[in-house]
Amino acid sequence: MFGHVFRFTTWGESHGPALGAVVDGCPPGLALDAATIQPWLDARRPGQSRYTTQRQEPDAVRILSGVFEGRTTGTPISLMIDNVDQRSKDYGDVARAYRPGHADYAYDAKYGFRDYRGGGRSSARETAARVAAGAVARLVIPEVAITGYVSAIGGDAIDPANFDAAEIARNAFFCPDRAAAARWEALVDGARKAGSSLGAVVECVATGVPAGWGAPLYAKLDAELAYAMMGINAVKGVEIGDGFAAAAHSGEANADPMRPGDAGRPVFTANHAGGIAGGISTGQPVVVRVAFKPTSSILTAMPTVTREGEATELSTRGRHDPCVGIRGVPVVEAMLALVLADQKLLHRAQCG
Amino acid sequence: MFGHVFRFTTWGESHGPALGAVVDGCPPGLALDAATIQPWLDARRPGQSRYTTQRQEPDAVRILSGVFEGRTTGTPISLMIDNVDQRSKDYGDVARAYRPGHADYAYDAKYGFRDYRGGGRSSARETAARVAAGAVARLVIPEVAITGYVSAIGGDAIDPANFDAAEIARNAFFCPDRAAAARWEALVDGARKAGSSLGAVVECVATGVPAGWGAPLYAKLDAELAYAMMGINAVKGVEIGDGFAAAAHSGEANADPMRPGDAGRPVFTANHAGGIAGGISTGQPVVVRVAFKPTSSILTAMPTVTREGEATELSTRGRHDPCVGIRGVPVVEAMLALVLADQKLLHRAQCG
Amino acid sequence: MFGHVFRFTTWGESHGPALGAVVDGCPPGLALDAATIQPWLDARRPGQSRYTTQRQEPDAVRILSGVFEGRTTGTPISLMIDNVDQRSKDYGDVARAYRPGHADYAYDAKYGFRDYRGGGRSSARETAARVAAGAVARLVIPEVAITGYVSAIGGDAIDPANFDAAEIARNAFFCPDRAAAARWEALVDGARKAGSSLGAVVECVATGVPAGWGAPLYAKLDAELAYAMMGINAVKGVEIGDGFAAAAHSGEANADPMRPGDAGRPVFTANHAGGIAGGISTGQPVVVRVAFKPTSSILTAMPTVTREGEATELSTRGRHDPCVGIRGVPVVEAMLALVLADQKLLHRAQCG
Amino acid sequence: MFGHVFRFTTWGESHGPALGAVVDGCPPGLALDAATIQPWLDARRPGQSRYTTQRQEPDAVRILSGVFEGRTTGTPISLMIDNVDQRSKDYGDVARAYRPGHADYAYDAKYGFRDYRGGGRSSARETAARVAAGAVARLVIPEVAITGYVSAIGGDAIDPANFDAAEIARNAFFCPDRAAAARWEALVDGARKAGSSLGAVVECVATGVPAGWGAPLYAKLDAELAYAMMGINAVKGVEIGDGFAAAAHSGEANADPMRPGDAGRPVFTANHAGGIAGGISTGQPVVVRVAFKPTSSILTAMPTVTREGEATELSTRGRHDPCVGIRGVPVVEAMLALVLADQKLLHRAQCG
């Protein structure tokens, strides 16, 4: 389960009949039907360009409960997405040995066995359930606009000077820098053809978050976001605002000075803090940055061991995202929406 | 509250009479007295060098419950540390205006008012309670050894080739690189004299963690660690293993190949994953890296606004850590211990 | 969500397409398929005698995730049961006015509107999801045997001297007293024909629970059971052991003396405490007693008000259980199993 | 920890230096000082009549955090009460053998050992921490008035016809029936002199609770109350409204008819449901009834076993409440306040 007041649970494996999410604690009376959710799922859907996995999934969501006459009732909302294109193949290799960098060995060490078909529970397909739940969360925070994009692939970063939000929807990479997107075509295509993979950085910005959401210490808004993002498959790093760059700053360089603004609210002349101070939102844009490692499903045979402990080599054939971070953009956006919806309700609970 | 099975709550402000932690869910029968906890508190204690705040606090811990005849009883353990050196001073400036980069404005926006004396709840003194709780957590995981250190201050990083664990205790910076420690003396002293501050990076490694702790997705061990670390004051970034560097890797470069090892357990020939795959520990060292921003308490006057929204300037006089990340080392170690203790018990719960 | 380590969430309404449960935290490696669950659902299934509602539901469960090659994987188990016999009828009356004793008014007061078809979320159909989840919980506690039965209907109680566990499965009332079962035929049939309803008391006993499960105070095993049972529809009272009768006892009469037993374990010569002392199981049978109110769906018109606040009268036509407590037996058993499974894992977490 | 948004943790043993509570999630800006809490503690304080234990405890509370300039800050509130009169005595008997009906054996079975001095953690002294926390909770729900009283001792019940709220404060029993109070003097005094003990029933009514607090199913307001009450020491039964009596009703007798009232709100002409329908408050008085067993600390020697499993006998000398239910009244009131405060905030979170 994820969340405190607005919360959800997901279920499902890559090769099971379906996957889904149960959203609980949703405010009542919000307009919701499948068409509200579907566009967000479509943005995450595989098989839309040659830069993502060729698995074909319509990812059509059904709402099984919690909505009556087109509005949320306040009781659990069950969302279900059928798996359609689980290609039958020989998983003998993967069943017998551990793919390096993958969860195979760790699952066996924890559970004693594992569902090895297509990654089982650790498949990136699970993120469809997050995106569906995130679409519901967005209804709770209409005051907030969320924009996610890829800021680097394989170490090749965008130039902030080229940032153009309108570009994000115009290329296959959710890239706001037209020049970078052009470079990435060759970069990702090269990785795809070589059976290799690439890591990526996803940035996500939420504007419209009022000052006051979050909490001091332990449950800092930064910490809730870090937990949410680090809980996504393949994520190994999270920054809020300047993140690690702030560790190289002096206090003078890192301050976010304030000036008088409208309606008694201060205006900030910088946002090194990423919209969060002392764990609580300041009214500035909330900025989070997420590192996706390259998927470990690669064609190059790597040394590994079998379940019996014998040395062997393993390469991963089949359909995979050459850069799993690309389709991570709608997922990061969804998790940001889910955290903010929950925090809005929590703030309302404590502070009225 | 922090944790699932092994959990704790802290309380207390900079200028209140005391601060403390209540630890619940601790296994029974563990040998515990104040002397078990005190050395960890002493490592965090301020006023031990000119590179940290000159506030003088003995940080003597008292155990008020949950221990009988020198052993934990399994019921709540109340730990208390008196505040001794809350220097009385004029807080009029801080009461009237918001220190840029500090939590002042966000607190007011959330709660309507704030305890402005010495940072109130958001004071770094709160971390003493974490360190005390962490000392109890260490008793739960005797198989694990935890080593934290500062790997960079103000952008000046250690040279990994110079890493010497024995150095960490020999300088005032928890620095494993003798040459870097020498450089940092001037660097931090310069910041102190200028009334400035510096950010820092803290790394922490846990060896002895067996394969199998953690969980897939949402509650990934990576996510639990990110939540724990990002919940520390002044932390704005968290990485597991190679973190953001992994986002620049290819899949081949990021793989952690396995070879047959002793007792049927594989040996890994790399650890890009930081000891965690698919959210579950692999038996390799668990590696976490934490970015501390520079404290916003600086002598240079910065533009800001008053509570009434008028433009003003504010500088921070008084006793402060020029580099709050240095004393962050025992805190990061404590949080790592607290997460691992909880995860050990959770794993035992589900998997026996 | 219900539970701490072994936990589940349910979803679904009376007149939606389906209902279900997601079970999380289940230990891996347990043999599970739909046939493991189905018998428990069949025991709860409506339409099996004239003493329960005539709604015809096969209540066939499907397992959508969390099981691989016939064993639990340790990841979320999604259970789904289709609604088949949602009879279309005119709900205009119920939509416009509040049925006295029902949740109608309270739902409107909380959520602003409600799904009025067949009770919506507050329908007793929801209990099918509990029973399915409870069947999984039973796998976690093979050492425990659970026996539930009806001990009173409409104030007519069984005679403890007549208790015969073998009788429970031989009548339509889960009644362990043959004579009482015979009386109840006329009693319940009379209520059914009159369009009336009757309350009932369900008792449930778990044998095989070892000493040591539970916790002191707040999370007393008694409290966990009370929460679980009071969370069932129509339940308004819970007792552990002698319950309210203990309030009339002297200390001498209420003591459970101990005598030396086998294997160093004491034998108790009484069980007033219902197998729980200080919130922790003693090794004696765990005894819980649950009061079900009569359903408020009755044919007699009762004074009430419309949504607009006008006086009116309302009677409830349609298919209902004349005594909802009867089919409460498998539900109470399931909740007992769910609590005990969770407590077993929690105890293992803290105490090894 | 207890509670969801407004939550607290308690700590402390009978013979430790102190006991306390940490309240978290409290709304900011509420006027609070020790004098706000003290009257509620005084009502629970032992040694005020010959009908309660003669242990003399001032139960003076100190607020160690979370309050600034007389108002709650929204951060954790630490409350501490020193133990003053832990009489030193010989606990050899209790250390060596298990008091029947007490938690001794269960604690040993769970934890392997126990703090046997004065009941350790399971002492009724713990309830002082609840009462202190409850005093804070009351500030959150000024619209609610809570009235608790003893309705039966040792099976001798009050006559509802004699109910006079003004009487409650006039006798040593929190008894609203003057005649019953007179009878109980002899009853309780007889038990005290005989070294015996008596059970009791405590009723508690909250008026002013608006319609809409609570939730359907699992987290029913009934369930939250049952959990809260059953988590008090010595409690073995909980009823909401008519409770077990409802199980003997017909649907006609149990209905709570509604009539048009002022301001569009219905008026109920009965309250069998105890102010809660479908788990959600209806605006009627919330009624909860709690069964306290007689304390097992009695002078009559009872058969039991030693820690080594040998047969022996044990009687309990020393200072005890002959009827622990009497001082249960302020405790039940506190728990009701704590649940309602939490539910108010939860309702505000979800429904605005």
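First chain written, first letter: the chains are A, B, C and D, and each begins at residue 1.
Simple rule for what comes next: a contact is a pair of C-beta atoms (placed from the backbone, for glycine too) under 8 Å apart; a residue touches a chain by one contact, two chains touch by 3 or more.
The model shown is predicted, which means the values in this text are computed figures rather than measured ones.
Q: When contacts are scored as defined above, which chain pair ends up with more C-beta pairs, B-C or A-C?
A: Looking at B-C and A-C side by side, A-C shows more C-beta contacts.
Q: Of all the other chains, whose mean CA position lies farthest from subunit A?
A: Max centre-to-centre separation from subunit A belongs to D.
Q: Just how far, in Å, is the C-alpha centre of subunit D from the one of subunit C?
A: Roughly 26 Å separates the two chain centres.
Q: Could you grab the centroid distance between subunit A and subunit C? Build each centroid from C-alpha atoms only and quote it in angstrom.
A: One centre to the other, that is 39 Å.
Q: Provide the C-alpha centroid distance between subunit B and subunit C, rounded to the nearest whole angstrom.
A: Here subunit B and subunit C have centroids separated by 46 Å.
Q: Any chance you could list the residues of subunit A touching two or more other chains?
A: 1, 10, 28, 74-75, 110-112, 121, 216, 351
Q: Across the complex, what residues on subunit D touch subunit A?
A: 4-5, 25-28, 74-75, 216, 345-346, 348-352
Q: If we count contacts the way the header does, which residues on subunit D are in touch with subunit B in the complex?
A: 1, 7, 9-13, 16-20, 22, 24, 28-29, 62, 64-66, 68-69, 71, 73-78, 110-115, 120-121
Q: Can you check the complex and tell me which residues of subunit D touch subunit C?
A: 1-2, 10, 98, 100-107, 109-112, 121-122, 126, 152, 154-155, 191, 196-201, 210-214, 216-220, 222-233, 235-244, 246-261, 264-266, 269, 272-274, 276-283, 291-298, 300, 302-305, 309-311, 325, 347, 351
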